[in-house]
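Same chain, two partners: subunit A is paired with subunit B first, then with subunit C.
This part shows the complex of A and B:
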């Protein structure tokens, strides 16, 4: 399933629509960036509360398909512009992490 | 110049997670027992008890004002200050950014300001063991604005370690130095986090009970035990140096 389809199905706001045709392999939920570095897999869509600039670096390093910022925790302009530079899909939802992860799981594993 | 033995991460009874026995009087006594030349009391988002420790110690050991600040990302930073005013000024600022959660002593522990006479001055009502609503870079900026020095605490440790939480060092020159957990060996730290190489490494006790004071330390080559000298050591200026002591035995 593509990021585009997930954005539409889950009603996400695309803060950075770098590559919406990107295939999503799976999902990963974590607020510990070291954990994401160690365990997330290429193509994962990452669900997090973190909005530090390092989120972009970690998403890039792990070749994640995108990042979903939850509970309306919008990252600052520095993060958004860096995500655009690094071509990282950066998405926002007002839902909490449990809700969005559950809905994403249903979409990916119907 | 000479080598000073420093334990720059000690909690007092103002931290809810620390023992009630961690009064300023006991901290000074235990620091002397441990042969420490320089200490800092770093309570969670608070610095008040450092004043009493400092007055009681009378220079033996030397005492830096300090705090352990938890940022919005839940990264923990040790902040050191040259004087009481700048520390308390920042503490008052941070109090406004803490969530409005009352501290229930039965769940979290007591948060007591205790003076040099072992008397309870007051109880801090809002929970200190919580992140302030300020991002890491902003907290560092505010610490430096009042002349302080910010060093990330136990960078390798979950919870709160900068590298554990943020995976990588942030861009830029900061942090000038880092603290690693009391029980992490240097070899293990460097192996797990190659980015640590080239930065001065501190080790401290992170003591929450009296017996832990001095269980880990850092040796500092300084002209005198002051914040200015500590800063010079962190930057490797004019022969000043930082040398972590051996790792402590892991607890729990």
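This part shows the complex of A and C:
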């Protein structure tokens, strides 16, 4: 399933729509950067409360398909511009991590 | 032992203590350099992760230091050296989950105690030396042309 389809199905706000045609392999929920580096897989959508610049670096390093910021915790303009530079899809939802992870899981594993 | 193959590229990066905003920039530059040199994508990815973790450790824990990238025909080497408190117990620091990070760093998602294990896991050879009150030196070696291109090394990633 593409990011575009997930954005529409889950009603996400695309803060950075770098590559909405990108296929999503799965999801990973974590607020620990090194944990994501160690265990997320390329193509995963990363669900997190973190919203600082290093989030973009980690998403890039692990070749994630995008980042979902939860509970309306929008990153600042510096993060948005870095994500755009690095071509990382950056998405925002007002839902909490549990809700959005559950809905994403149902979409990817119907 | 045969002498190492001479470097085809060498570059030195300086890392400032506490510069969280700029943190990750060396890792980005290293990946770009390796890609431009035509280094295998899997090696680029692993070197990027090793470099990011090393850089973060320097930014969070040291008083600054430098990272040297050496590219050879058969390997990529990353040498980290910093001035700082050093690591009192290296065996503990190599264990996943052990961290001495302060609360403010943990709130930002650092300090999960996976930094050094991640560096080790993405290296083919890994050496770490530290002296308390002086600093830490790490050498990571990633061999070229020995892994597949998926970025995941089979059983190495538990």
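As a working rule, the second predicted complex is superposed on the first by the 110 of 110 C-alpha atoms of A that agree within 3 Å, B and C clash if a C-alpha of one lies under 4 Å from a C-alpha of the other, contacts with A are read in each partner's own complex, and residues count from 1 in each chain.
Everything below uses one rule, namely that a residue touches a chain if its C-beta (ideal position, glycine included) is under 8 Å from a C-beta of that chain, and two chains touch if they have at least 3 such contacts.
Quick caveat: nothing in here was measured; it's all calculated off a predicted structure.
Trainee: In the superposed model on subunit A, is it clash or fit for subunit B and subunit C?
Mentor: These partners clash in the superposed model.
Trainee: Check whether subunit B or subunit C contacts more residues of subunit A in the superposed model.
Mentor: Counted on subunit A, the partner with more touching residues turns out to be C.
Trainee: Scan A:34 for contacts with subunit B and subunit C and give back first, second, both or neither.
Mentor: In the superposed model, A:34 contacts both subunit B and subunit C.
Trainee: Would you check which partner chain A:5 touches, where first means subunit B only, second means subunit C only, and both and neither mean what they say?
Mentor: neither
Trainee: Determine, under the contact definition given at the top, whether A:57 touches first (subunit B), second (subunit C), both, or neither.
Mentor: both
Trainee: Output the subunit A positions appearing in both contact lists, the one against subunit B and the one against subunit C.
Mentor: After superposing on chain A, subunit A residues 31-34, 37, 50, 52-54, 57-58 contact both subunit B and subunit C.
Trainee: Under the touch definition given earlier, write down the residues of subunit A that touch subunit B in their complex.
Mentor: 31-34, 36-37, 50, 52-54, 57-58, 76
Trainee: Which residues of subunit B touch subunit A in their complex?
Mentor: Within the complex, subunit B touches subunit A at residues 73-74, 135-136, 158, 163-168, 170-171.
Trainee: Note which residues of subunit A are touching subunit C in the complex, please.
Mentor: 31-35, 37-39, 41-42, 48, 50, 52-58, 60-63, 78
Trainee: Which stretch or stretches of subunit C touch subunit A in the complex?
Mentor: Residue list for subunit C touching subunit A: 20-21, 23-24, 27-28, 31, 45, 48-49, 52-53, 56, 108-110, 112-115, 117-118, 121, 151-152, 157.
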